[in-house]
Amino acid sequence: MLQVIRVATEKRVQLQNITAQVRDIVRRSGVNSGLCYVYCPHTTAAITVNENADPDVCSDITRFIGKLVPADFGFDHAEGNSDAHVLSSLFGVGKTFIIEQGDLLLGQWQGIYFSEFDGPRNRTVYVSIIKEEDVQS
Amino acid sequence: MLQVIRVATEKRVQLQNITAQVRDIVRRSGVNSGLCYVYCPHTTAAITVNENADPDVCSDITRFIGKLVPADFGFDHAEGNSDAHVLSSLFGVGKTFIIEQGDLLLGQWQGIYFSEFDGPRNRTVYVSIIKEEDVQS
Amino acid sequence: MLQVIRVATEKRVQLQNITAQVRDIVRRSGVNSGLCYVYCPHTTAAITVNENADPDVCSDITRFIGKLVPADFGFDHAEGNSDAHVLSSLFGVGKTFIIEQGDLLLGQWQGIYFSEFDGPRNRTVYVSIIKEEDVQS
């Protein structure tokens, strides 16, 4: 049950909310209980979870990480995007979610974000659903 | 098999050892082989794995991350806890563990820590167990 | 289906490519569709995913993280490797991969790296394969 989400980012660094797309895949899967794995097949992007209420949180994060990993550090990689590669390793290319009662189990304030560090680009996200076997019967 | 662990943190930034609680859930599940997924449904906290021998390691980590992500960076978010949101994305809201021979498979020095970045608070941790299907019979 | 990869690192900080070993385990498993979980049972190392084309990317990452988490910060831990413990929590001790059509599903430029932060050492990596149950029949 591999599913694909397409993301078109608009800035170099951007947290794009993909919660609705992931939730839709979970609901359509018909799986009542299990895991949902969201994977980014790129090396200058990542998947993260953070607040989906106040948009200042995402803008604070994107602004801060530009200071945390400065693009002008003196990297050697000729493409000039090593800061994005570092951030991909720090944020992580995949996140796992719990499926419970046929739906994505998230905390009240949580959203799932495709984390773009070297956009704008057309990006792909893979979503894989693992059904939990009944272990109690 | 969704299980819940309750954590009451006592400081703003704190690594609280939840290894015993996770191990207990794994043992009680009766699952011999599979995965155990530990998930934090909060946006200012995380789950991490680190040394459970010398307590200086945890205090070194909590002290260092206060310098890595300074609370006084100049964040916009009105709640004043954007440093905690950044750290949640850097540490990650979930960690997966291997179940082998009915027990949690950890390295000799590893412990599982609920990572509080904006406490003290009452927190929740979800634990989901996935049984490995026998793929060789 | 727990499998073990042995890694002998040669430097204090090093990203060692283990993609071929992980891929071999996936192919030999006979699992057509599922998840592959790669776990590092050490507290001064991690698993990461990054570019496997230009070696400058890995050297940029290892050089930068030495500045991000300076060994001379003033840590208390007597073993003198708290920087490595911090990096282990930032990179994360495990990564999950998708198995599709009997093979590891990676992005075009992605490789899997054992991330050594306190070598040289002989290290162990665990790989666990979870077969996806057929949820549509």
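A few comments on the model shown:
The letters A, B and C name the chains in turn, as written, and every chain counts its residues from 1.
One rule holds for everything that comes next: a residue touches a chain if its C-beta (ideal position, glycine included) is under 8 Å from a C-beta of that chain, and two chains touch if they have at least 3 such contacts.
What you see is a predicted model, and the numbers here were worked out from it, not measured in a lab.
Although chain A and chain C share one sequence, what matters here is the overlap of their interface residues, and that overlap falls short of half of the numbers used.
The best fit of Cα atoms from chain A onto chain B calls for a rotation angle of 120°, in steps of 5.
Chain A and chain C have centres, each the mean of its CA atoms, that are 19 Å apart.
Looking at chain A, one finds that residues 35, 68, 90, 92, 96, 130, 133 touch two or more other chains. If you check the complex, the residues on chain B that touch chain A are 1-2, 29-31, 35, 37, 39-43, 68-69, 73, 75-79, 82, 85-86, 88-90, 92-94, 96, 126, 128-131, 133. Contacts from chain A toward chain B in the complex involve residues 33-35, 48-51, 54, 56-57, 59-61, 64-65, 67-68, 90-92, 95-98, 100, 105-110, 115, 130, 132-133, 135-136.
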